[in-house]
Each structure stands twice: as structure tokens, then as C-alpha cells.
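Shared between the two complexes below is chain A, which has chain B as its partner in the first and chain C in the second.
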Partner chain A sequence: MTEAPTPHETGQEPEPQPLGFAARFHVWQRAGGIAVPLLTTVFAFFMGGLVVLAVSHKNPLETYREIFNGSGLNWFGSFCSSSGTATSIPCVATTNLQQTLIQFTVLALTGLAVAFAFRCGMFNIGGQGQYIVGTLAAVWLGTSLSGLPPAIHVLLCIVGAALAGALWAGIAGFLKAAVGAHEVITTIMLNYIAVWTASYLISGPLQDPASENAAPISKQIDAGAQLPVIWDQDLNGGIHLPQGLHMGVFIALGALVLYWVVLNRTTLGYAVRAVGFNPEAARYGGISVSRNYFLAMAISGAFAGLAGSMDILGWQFRLDLTSVSSTGYSQIAFIGIAVALLGRNTAGGVFLAAMLFAALKTGTSTRNLDPTVFKPELANNLTQLIQGLVVLFVGADVLILYLWTKGKKLRLPTRKGSPV
Partner chain B sequence: MDEGQEAPPADTERKSGLSTHAEVAPRALFEPIRIAAVGIFMGVFALWIVLPPVVVRSIAAPLLIGGAGVALGAWAIRDGARRAGWGAVASGLIGMIGGVVITRASADNLSAVVTWSTLVSLTLAFTTPLLFAALGGMFSERSGVVNIGLEGMMLMGAFFGAWGADKTNGWVGGLAIGILAGALLALVHAYFSIHLRTDQIISGTAVNFLAFGITGYIFNDIWGGSGGISGGGVPPLPAVPNINLDFLGSIPPHELGTFLKDSLTDLNLLTIAAFALVPITYVIMFKTALGLRIRSCGEHPRAADTVGIDVYVVRYASVVTSGALAACGGAWISIGYVHTFSEQQTAGRGYIALAALIFGNWRPFGVLGATLLFGFASALSPQLENVVTWANYGYLFSALPYLITLIAVAGVIGRSIPPAAVGRPYKKQ
Partner chain C sequence: MADEVVLELRGITKRFPGVVANDHVDLDLKRGEVHALLGENGAGKSTLMNVLYGLYRHDEGEIVLNGKPTSFSSAKDAIRAGIGMVHQHFMLIPVMTAAENIVLGNEPTEGHVLLDYREARKEVDEISRTFGFFIEPDRLIQDMTVGQQQRVEIVKALYRRADILILDEPTAVLTPQEAMELFGILNSLKVEFMSIIFISHKLNEVLEIADRITVLRRGKNVGTVPREGATEPELARMMVGRDVVLRVEKGEAKPAETLLDVADLHASDDRGVAKVRGASFQVRAGEIVGIAGVDGNGQTELIDCITGLRHPESGSITVAGKPLPANASPRQVLDAGLGHVPEDRHRRGLVLDFTLAENLVLHDFEKEPNSKRGWLFPEGIVRRARGLLRQFDVRGGGAQTRAAALSGGNQQKVVLAREIGRDPRVLLAAQPTRGLDVGAIEFVHRRLVEERDKGRAILLISLELDEILSLSDRILVIYEGEIVGEYPPTVTEETLGIAMTGGTVPGEAAA
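The block that comes next holds the complex of A and B.
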């Protein structure tokens, strides 16, 4: 591709700068609208389907329909009595939908944790560490402050977890602001420090000595510290199916609204976005860049810490080693990266992307798949694969922009002419 | 203050990232870098005397020796060797604190944990995958491409190494297929981050997700789940051979010979290869034209382009090399050490390698030191499990590499300075 030489190239040539996250984001927004993430998702599912067909020789359409049914989203189409009798089994679609919404709660929050930092031009890859610190704070406060009134106890646990997450991410924000340490490196390190410290605490100070479990496990939080269940299935006169939908889903929705308001309707949000677009211009305009790096990182961490408290106070009630381990099922904050990228760091986008991944995660869980249609153990990895493809192609905005703008004659500007 | 002139050769070379030769300056007896080296040694010595087989039980000894290390470090800092000097201060402090803590533990427990020959052999083993991946990462990052995807590339090596060893019924075929798989994944990362100019961190993250998905999917499909839910599990795999070094036992004196034999016996071929790779990488990177090209693409791609270096080709080659090397490290885990495969087997080692690369300041021997330190930290945790009440301290030692790297990145003990153009996509004109 040859470009027409710009006036800059005749004289002292400035070093080309990479586009900042926010600048890319802005161009992208103009160029693609909602179509790009949709195309990306369809493409990722298409590729996933090819893998299903080629490697496992299964029908991808049937597999996807099975996953859709497993996600509980078919609840909206079929009638399902939620109050069963002694002979009827609990309604599977209802259970699945509740699970999907529980996952949505956490994914929306971890997605926001990535998205907020993105809008300030930072990549918070440390959501997992902040999430773990949040779960630790929730377990510690939930087990130690016995005797408080339930409402206050829950609130304290939630606030404590958010603060812990904010503090953990704040370390990375502070280091970026003070000495310019790259936030990707510091948050990765903080992730693993959190993983191992949590393992130590669960098998040490926080361990439940009375537990007969072979592997170390923490004490269970007080009943008063648990989030109220708002939708569960009453089997037969007072016996409730465990793990109903908890209040947390409203907290996640509230956080989405808060995210939109803070970013778009407050001075703080304006400053954060300005730094994200162009730190130099923001500095010139009198905005303290380092202060905003720190604040944006801390707020991001607060979202992730909040996500941790939702899992503990909502349904886990205790921590074990696998739920904090670096290979355990709980790679939830990493899915948050995919959520934020696919949702294009907007509140509405994060809502939809979190719903998609929550449905995918519940739909591919082992108990929901018919082995004759698709091997259940494979499904979780199919989710990973789709997630990887989504991140890869959402990240490749230049490719998508190129394809998209072929007809529109819109060129990706360099930093020299970057959008203001 | 003419600190610039008195700065030790190592620092001079680091500041001008492109110099191929270290400045050779005559060294005085009390040169700050030597004082600092003695200080670092004092800190280590303070720890050594309280551990088996010496086991000094008085707290005065580690305090005095460690304190001397701190003092020497302070002296070195005053005379200009900042990085090494702070290292000596840290080493002395660790010696003092660690020494006091250790003298309070029971001697029986200490001898259960600290068996030097076991610790050395475990350290060498755990260093191997880190060294491969970190040296690989050095190629990629020195050429200007951040490689967060090391973890995924290791995982590809681990799984496809095992798969290939099973299919070809030999470890050579396994290793080759594993390396190929890692290189292929690296090629994806390279294409997206070089050609499509995707943000390199996002591309690396995506590549990690892909590797989790691909290896987990195929693993479950052919070997039927981690618990063998629907299949027979992983078949016995051909292993990378160990090299028998029993002849070391005949080295006099007897104690030394026995120690060498116990700690180095049955060294894995890949372990030897990893350590041999350090000087090789050093020569390639700092003594050849090829290395100069790689580094110039990482420091100033436009300048490299101007003198006729094809930045894209160099970056592609470097990233693919890094994938191949990381895959070697992964293959060591599956067919060199545990002789089986499990989902997400690499368990974050790619990220430790990344940490070692940063802590080792993007230099081969720095990386060697960092991976040995991190390998030692990993070797301590299984040893600590020999004492029931200490088992969970192993987790804290596992956190240590990351904490040290965090401190290094923060610039408390000398700053880690990455290649100037790392992470920046380059656009040809």
C-alpha cells in the first residue's frame, strides 16, 4: 500500500506513535457501529462450529442448539411451573436461567473492570487478582463480624471487597503513575501474588479447622452475610432448590448504570476519557494524568472486587483452593477481557457481551449436555476457543476496519491526524 | 559527580542498548561493583550458616554477617554502583531477617526441608521450562513484539509434544511436533501483531485463550477427559532421556563427588539443552550481525528499515523462534518430567518466564539468574511439604518470584528497562 506523503515527511520526520486504545476505539466506533462485534461473534461461532465438525465429527448446529437450551434462555419460550409437586422434578430451564444470570452478574462486573481501565488507555489484565482479593475480603468479613444486623453485614462485606479490589489494582495504578511501570506487567504479577497468597490464607489463617474436607477450605460465611435469594424453586413446602438467583444481579445492573453515568456525565469520567484519548493533550489541558491513571485503575479494581464478593456472598459462601488456583474453573476475570472487548467498553455492550458469555458458560457446563449430541467435557473448551477467537478478531480492528471501510472510503488515521 | 564515567561496564552497555561490546575497563580492588558483589555474597552466607549442614543456632551470627552485607551495599551505592549496591542491601537484609527466623525453627524440621542435593536437582528441573520460555521471549521482545502468549505457546508444546510422542512413538517426533505447534501459534500472534497491527497484548491474550481451548479440546476428544470420564486416559509416553552423570561421584574429595552425583544425576537432556542455550543466545544476540539486527528492530525500527533491514521479516522470525523455544519448555514438562499431560499443564509458567525476562533485564545471563532464583522458589515448596506444619508456607514461596519482579519493575532495586520500541507496531512506508 502506498500512501501519499504528508507534509511532515518532507522535513524532520516525527516517530510514528501507535494509536492509543481510546483512539482506536473512537475510529472503530465511527466505522463499524454494532455490526463489527456482531460479525466477530458470528465468525467466532462459525469457526468453533468448524472445529466441532472437523475434530469431533458432530453436527455443530445441533451442538449449538443444545448449548442454547442448556443456557436456560429457552425458558422464555416454554412454559415451566416453578412450584413443583413432590413427584415433579424441578424445572431444568428455570435452574439454568438462574445459573446464567448468576454468571452474568460476575461477568458484567469483571467486564466493567477491564472496560473502565480501557477507557483511560490502560489494559487491566489483573481482574483475576482483584477478583480473588475481593473474595478473600468477603470471606474474611463474612466470617469474622458475627452478630451484626444482616443488612449491615452484607453491605460491609460488599464494600470491603470492593475496597480490597480497588487497593489491589491501585498498586498497579500507583506504579504506573509514579514510575511509569507498565500496568500489564504489574497486574499480571499482582494476579499471581493474589493466587498464592489466597492459597496460603485458605490453607492457613482462614482455614476451617472443623471441616472434614481433605483439601483445605475456608469457614462458611454467616447466614447474615449472605445475599438474599430473589428467585428460587420451591420444591415442596419449604424445601428450596439450592443456588437460586441472588440479589447480586441488581448490583451488577446498577454497576452498569453507574459506569455509564460516571464516564459520560461526570468530570471524573471526562478526565478519564481525555487521558485515554491522548495523555499529552489531557496534560496540556490541565488534567492530571497520573491522578487519573491511579483513579481509573482503582475504580476498575473495585468492580472486580465487587465481582468476587458476589460469588462469595451469593452462592459459594466459602473459598477452596481450586476456586482461587491459577488453573481452576474460576478464570472468570479473564472472560471479562473478552466481555469488555466484545462490548466495546460501553455499558450496553458489556451488558450484551456478559449475557452472551454467561449463557455460553452455563450452556456448556457438563451437566447440561447430552453426550449423544456432543461430549460434555469438550464443551468448556469450545467456550475457551470461541472466547479466544472473539478476542483475536475484536482486537484486530485494522483487519475489520479494512474490510468494513472498503466501501466507505474511510482510512485509519495515524496519530498525526488522530481523531480529537 | 562523574558517575557516568565510573559506572560499571554492565550498566554502560545497558544504557546504550545497541553496543555490541562491553567496555573493558581496568578494575581496581575496591571498585564499587566488587564491593557490592561481596555484599550480596555476605547476605547469602548469612543464610547459609544457619541452614544444614552448618546450623549455627545463635542469632548474632546472621545479624552480624547480614549487617556487614548491608553496609557494603551502602558503600557501593555511595560509590556509584546503584543497582548492584541495592541488591547487596536487599541480600543483606534478607540474610539478617531470614537468618533470625530460621534459627528459631527446630533443627529436625530444617534438615527435613533443606537437603541441598535434592534442592539443587529440583531447582535445575524447575528452571528448565522457565529458561526455554524466557530466552524465547527475549527474542520476541528484543525484536519489538511483546509476547504475553508465551503461556499458550508452552501449552501447545506440552500437549502436542505428548501427542506427537504418542503418535510417532518416540520423543524426537514428539519434540518436533510440539515445537512446530508452538511455532504455529506464534505465527498467529506474529501475523496479528505485525501485519494487522493488533495491540500486541490483546493478541497475546487471545493466543493464550486459543491454546487453552485447542489443547483442552483435542486432549479431551482423544484421551477422554482429565479424570478419564469417557476414555482410557493418557497412554504411556516415550520420554526425553536423562543423561547419566554417575561418573561425577568419583570426583575427589568424596563429599563433593557425592554431592555432585546426587544433585546432577540423571539430568534431563532438555535441561542440559536449556542451560547450553544461555551462552548461545548471548553470542547470537550480542556478538553477531543477526543479533544486532534483531535488537535494532526492537530499539528503533525506522532506523533499521532505513539501513535496509526488513523489520517485518526479522520480527516474524523472532516471534516464531520464541514460540518454538517456549514450546520446548512446554514439551519438557509433558514428555521430559511428568510423562503425561493434563489440562492447562503449564499452570502459569509462561507468565513466570515473562517475569524472569523482565527481572533479568532482557539479557541472557540476567534471565539465567532470574530463572534460577524462580526455579529455587518453586523447588522449595515441595520440600516444605516434608514438614506438615510448614506445608502452606510453600504457597508464599510460590508468590515470591512475582513479588520480586513487581519490586524490580517498580524500580526500587534498579529499574528494568525494556527495548525502546517494544509493543509498538511498525508500519512500513
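The block that comes next holds the complex of A and C.
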């Protein structure tokens, strides 16, 4: 028998192989945490570029540059120098940037709504319904309660909308906690209930009878309930362009910070993450799993409700039937899913992803794209195309990660299972 | 014929980025021998076998099969060359019969189209009778015990004309009785000149079944020894690289007041089947009480009831003098002074995506000084974690390392650190060394004895008879949800084995 003891052996050292593997995996995952979403985005844009090439026979890079300029992000390099309108009022780049930031506000909030539920291991697909009840609450509170001091009125509308969203999502959370009903099913059903409830309210109790609008529309909210505009362009003679950037962007930034703080610095966030990672271990640790399912869902809904109030109090001021219908143009909360997926459910990631989608949405919106660059009716579809590709690739990336980790463990049996 | 070498591995080296998993390993397998491959978790046993089975490409060295250098690029090649492998986790289709599973991928056909099921059954029956497997070809896999399923896997390899059989930790999933039956089968395979590579980290079973033993440590072959003359301490030293205390050194127990009192407990599993049926016992301060039993006799449900993870139907549980309410939550049980090292540290004991520091406060994150009025204090949590990790000799990562990055032994130390760190009066240790290597087992055992001597009441529930025998001051046997006997630690394994399966031995009945 030959034993070859190595001199430096002191007690039991960590076994080299699992440690090496696990450590490598850790590094890979951390690197992948940044690299994978970036690659996903690049790939989505690449595929989108192929579509541009096929449809318009133009250089996709040109199109993308136009989209970039259309998003107003070119405002940062040189102040108002795009397309030779440096001195003209209104400045196009400024208007575009304001639009992008208005979109960012809502996308960041709906993104957080999806992300928070994800962190507790749930897929909140009902952001749209929670967004709608948020808009309803904002319209209702904004058109009633007249005579309050403006600051208090706005605040009440915001809080009311967040609570309405929380209540709506809380129903799904409660059902999951109480009887184990799957949140994907219940939140989708609640979306429809929200849409039809809103349709009824807008064509009934909340409708503005004096409006000459073809579709039913609510009354406009009080001036005191509107979010102050913080950045708009003063045309000569004191005339302001409509839809300047409202204060909501700070609320969205505040929500991003709040999201991080709640998850990482509070016992609630600890419990939510523990349940999200491993509900069985959380239960063993003395954490009530069902309570956290309910709370996480309600907080998730509060973010979506807040998003709804931003649109109403910031620039829409009223709600019309087409914007709530399930086939209507406002599907903003669904883009929130893409934002959360691409942002990996982190505050920083959601910030960047919301900015990306907001820029894309504004940049491709028909009024910003020159018809000679890209057919206007296809411009909007490009947003949806890229959004869809991102969701697809992020989904595929999760799948690849899943297979990669499982594959390591299951390699032997799966290979072995192959017939002789 | 007996000394004919059928397989030779020469200087096999397999590198993974940053790690040499196999470092110039030599191994030869003779016809008709059982060759044990012994080593700790991560020593490179599985990697070596995966190279042999064509799942990994080796970087250096050669495989010589029946005198001819060979190389396999897939498991298919290996199977064709007569190598069969039975993995720890079986690849069988539960809703199909044994015969269907065995012929899967290699079905006898009628006119190249229809499955000739009669022929399949006949062949399976023949193999099964030759080697004494007692497999019913028409039985569904899902209706079989784990031991029977394993036999189906072995027959499957034989059906594919394997003459070299690799068994990866085959006894890990078996009861002691089933393991004995497996050894019987292996002996009958030997008689038919089958060559068997038997991967294990259990010393006693290697000494029982192997003809020769090769020990791997950190990817290197540290020696091949014949069974004759090999001893457990010697093999343990080869495996770990230093002397290992196999028997736990412990003094006399000084039991004091009763800290855990379970009385007439009844509970059912998730499907409503009665699993715990009137279990009653006490554990006193300063003693280790071991509960032995065959898997599935109510241990899991008993553990879950004591820890508040399952509500008993009737009966009472008293922890440190405080009776627990019938619907006690895990929180209430923790606060009553119970620590719990769970059976499955991945499913329950750890949040693998949390850092070690976060895992260490899993029970107490809502208490001061970890948090106050809902605010966490991560700096303090990390600082206290560092102390605990040092105290429990956790290696391979610091307070901010994710738990998933640690080896099994170190993960278990983290669980121990958390449970013991809370200073519980009663410590429930369920399968505390499952899947651990010799060095880590030694640490856990020593620590449990130390905690006993500090006056904690320790309830040890384990499927490993060795562990029960070497740690316990009193041994209880659970059978079909009842405590059927109490024995002193001097009891023989045979007596326990009989009690565990519901029998009694005259003269050695319950004390």
C-alpha cells in the first residue's frame, strides 16, 4: 500500500471539485447578471434590424439612429442641436426627452410591480388590471373631493390609487395564501374584471355627460389634483406646450429607491426574498409564507396602482373608454413585464430597462419618425417587436440557465437515457 | 481466468477550469472482482467513472479494454463495449413495467415493427433467474421499492450485455436489509465473471463487499489495497489524509430533567395516511436519544410535528416544560427553545441563494440586535456571522458568500452554527450527516456530543445505524409510527435490524 500524504494537509479542507465548480458558477452567474441582459438586448435589436432591412430595405443603423434621436436622448450630447432646430422653439429634442421621461415614470413603476412579486416567487401578470384600478381611483378622487388644498388633493389621489392597486392584487395574494390558487390565473382574471368595471364606470357613474367626445369619457380631474409640471417649454408670450414633464418622475425614482430599501434593509424584504428563494426553508425558519404571499402581492399591486395615478394626474387628466379596453392602446403594464425581466428584478436593472423601453416607445412613435426613414404604421410595431424579442430571449436565457444548472446535475441520467 | 485484467485506466487526467478532478489516475479491473472506488465527496470518483462511461473526455491517459486501447465519445460507445452503469438516481419510467423499462431502446421486435413483449419478458425472466434477482417483469416501476428499482437498473445493464458494471453509491438509497440483498446479488454476478466497480464513501460496506479497494483523494489515486488486511482506520486515513476518529469519544451521559416530552402523538402525512400512531418518549437534558427505523416509518412526520411544520391529530408535545399548543407554528416552537437540524438541508435547512450571514439569521432576523421595528442591520448581522463561522470552522466562503457555493459539509456546519448558536434547550438532529464525507461527519458527531455535555437534550433521528449506535445514550426504535422498543447503546445491529422491521428478539426485548 502506498500512501502519499501531502505535507500541507491540515485538517479537512474544502473538497476541491465542488468548491471549484460552485465558485466558477458563482462568478459566471454574477458576470451573467450583467452580460446576459445586455446580450439579450443587443440580440433583440439585431433581429429587429433584420426586420427593418427586410421591410424598408434601409440601413437599420440609420433607423436606430433616428429612433434614438426621436427619443430625445440626443438632448444630452448637445443641447437642442438635432435636425437643425437648435434655436427653434419648441425644441424637438426637449419635447421628446420629456415624453420619454413621462413614459419612463410609468414603465419603471409597472416594472417594479412585476419585479416585487417575482422576488417573492410569484408572477404578477395582472399589472394591467392593477394599473386600471389605479387610474379609476385617481380619476374618482381627482374629480370629487373638490376644494381641498392642491398638495393634499394630489397626495390623496396618489395614495388612493396605490391602495386600490394593492387591494386588487391583494385579492390574488389572498387567494394564493388561503387556498393556493395560482396567481397567474387569478391576476389574469382580475385584469378582465378591472377592464369591464372600468368600462362600466366610465360609461356610467364617472362619465362626463357634457363631453362631446365620441367615446364615453370621464370628467377632467380638478386642477388641484394634477401633478405639478417641473419641466416644460415656455413659448414666447407665456404659452406653454402641453404635456411638460410632471413631478411623477421623482415619484418613480423614489419608488426605485424604496424598492431597494424594502428588499435589502427591512425584515419584510428579508422574509419576501426568503419565501421567493425557498418557501420551504422560510417556513422552517419561522416565516409565515402565506402572509408574505399576500403582502408581496399587495405591495406589487401598489406599484402598479401608483403607475396608473401617474398617467391620470400627470398628463391624461381623464380616462376614456378606449384606453381601458383590453384591446386599447394602453397596454403599458404588460411592457412592465418585459422591464422586470430585462432588469432582472433589481432596482438598477428596472431603472435601465424602463429607460430603454421608454426611449424605444417614444422614439418609434409615429410622430417622431420621419416617414422616409420608416413607414409610420410599422414604427410602433418595431417597439412591440423588440419588446417581444426581449421577453423571448430573456425567457430563453432563463431556460438556458435552468438547463445549464440542471444539466450539470442531471447530465449522467439524461445522457444515459439515450437509447443504445 | 481469475487474474485476467479486463480494464485498465492509465494515467487518466481530467481538468476542469481551475481544478484537476483526476490527476494521473491508474486503475485496473480484473475479471470477476468487485473493485471498490473509495473517496470523499469531490475526490474525483464520479468524474473518473464518467470518463470511463464516455460522458467526459479525458485530457491525458488511456483506457485499455481487454488489452486494446479504446476511447469512448459517448455513453452509447461504452454500452456497446460492454460497460453498464447504475446511477444513484434511477432513470426508469414509473408508469411502465419492469420488462418494458429493461428493454427500452433495445426492444425485441416482431417483423421489425411490433414490440415483442413476450420475448422481452422471457429474456428478463431468464436474466433475473440466473442471478437471483426475483424481478416480476409485469410489475410497474411505481409499485416497486427502491431496492427493487435498483435491481431493474442492474438487469437493464445485463440485458445490454454488460460485463463491466459500475455502481455509483448504490447503497445510499437502500435500507440495511436491502443493502445485504444487493451484496448477495453482486456475489452471484462475480461467480458469472462479471467485473464490478463499486463507488462508495462508506468504509464498512467497502470492506464487506470489495475484493480490492482503490482510494482516491483530491483526484489522485493514493493506493489500491486488497480487502484482506485492510482496516477501517487505515482506509479512513487514506481517504482523508490524516487520522480520523471513527468512534465518537464520549463520556458517560448525565441525564437531568426532561426537556422534550412527546406523549401519545398521532399524525398523518399529506395524503392523509396515518404515519405517527401513538408515539411517546422523553429526552432529558444531557443525553442523546437516537431513533432508529427504516425510512418511511413515520420519522419525517414525527420530526415535522415536533417542529411545528405539521399539526398532529392528537397527543401532546412539551418543550422545556412548556406544553406546545396543538396548532403550534414553527415560530412558537423555535421560541420555546427547540433547535432543528433538518433532514434535507437544501430543501429546508438553507436558502441557497442567501448569503451565509443571511442564512444564519433565518430564525432571528426579526429580533434585536438583527433588526429593530422592521429595519435590518446588515453590518451587525455580517459581523456576528463572521464570529459564528469561525467558531464552527466553516470553510470555503465568508459571511457574504452564497450558501450554494459551499460544499455539503460546510453547509451543514452553517446549519449547526445557526441552530446551536441560538442556544436551544432541545436540539433535534435529523439525518445530520447525510451525504457528508468522513471529516465532516466527525465534526458533526463531536459537536453533538459536546452540546450534550453542555446540558442540551438531543434527539437524533437517523437512518444510519452506525450513527445511532455510536452517538446515542438510549436508542428507540420506530416502526409503523410507534416506538416499539428501547435499547442501550450496546445493542447489536442485528437486534436493532429485527426490531426495525417489526420483529422481536427473545431476551432482548424493550428495556
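Note that the second predicted complex is superposed on the first by the 356 of 420 C-alpha atoms of A that agree within 3 Å, B and C clash if a C-alpha of one lies under 4 Å from a C-alpha of the other, contacts with A are read in each partner's own complex, and residues count from 1 in each chain.
We adopt the following convention: contacts are C-beta pairs under 8 Å (C-beta built on N, C-alpha and C of every residue); 3 or more make two chains touch, one makes a residue touch a chain.
On a predicted model such as this, the values are computed, not experimentally measured, just so you know.
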| item | value |
| --- | --- |
| First, second, both or neither for A:283, with chain B first and chain C second | second |
| Touched partner set for A:274, first chain B, second chain C, both or neither | second |
| First (chain B), second (chain C), both or neither touched by A:167 | neither |
| Which of chain B and chain C A:266 touches, first, second, both or neither | second |
| Partner chain in contact with A:125 - chain B first, chain C second, else both or neither | first |
| Footprint overlap on chain A, comparing chain B with chain C | 3, 9, 13, 15-18, 21, 24 |
| Partner chain A, residues of chain C touching it in the complex | 16-21, 40-44, 47, 50, 53, 55, 74-76, 79-80, 85, 87, 89, 91, 104-106, 160, 218-220, 222-225, 234, 237-238, 240-242, 307, 309, 329-331, 334, 340, 342, 347-354, 358, 362-363, 365-366, 371, 374-376, 378, 395-396, 402, 404-410, 437, 439-440, 443 |
| In the complex with chain A, residue positions of chain B that touch it | 146, 148, 188, 192, 196-199, 201-203, 205-214, 216-218, 220-221, 224-225, 229-230, 302, 343-344, 347-348, 351-352, 354-355, 358, 391-393, 395-396, 398-399, 402-403, 405-406, 409-411, 415, 418, 423-425, 427, 429 |
| Contact footprint of chain B on chain A as seen in their complex | 3, 9, 13, 15-18, 21, 24, 51, 55-56, 123, 125, 175, 179, 181-182, 184-186, 188-193, 195-197, 199-200, 203-204, 216, 326-327, 334, 337-338, 341, 371, 375, 377-378, 380-389, 391-392, 394-399, 414 |
| Contact set on chain A toward chain C in their complex | 1-6, 9, 11-26, 264-271, 273-274, 277-278, 280-286, 288, 411-413, 415-420 |
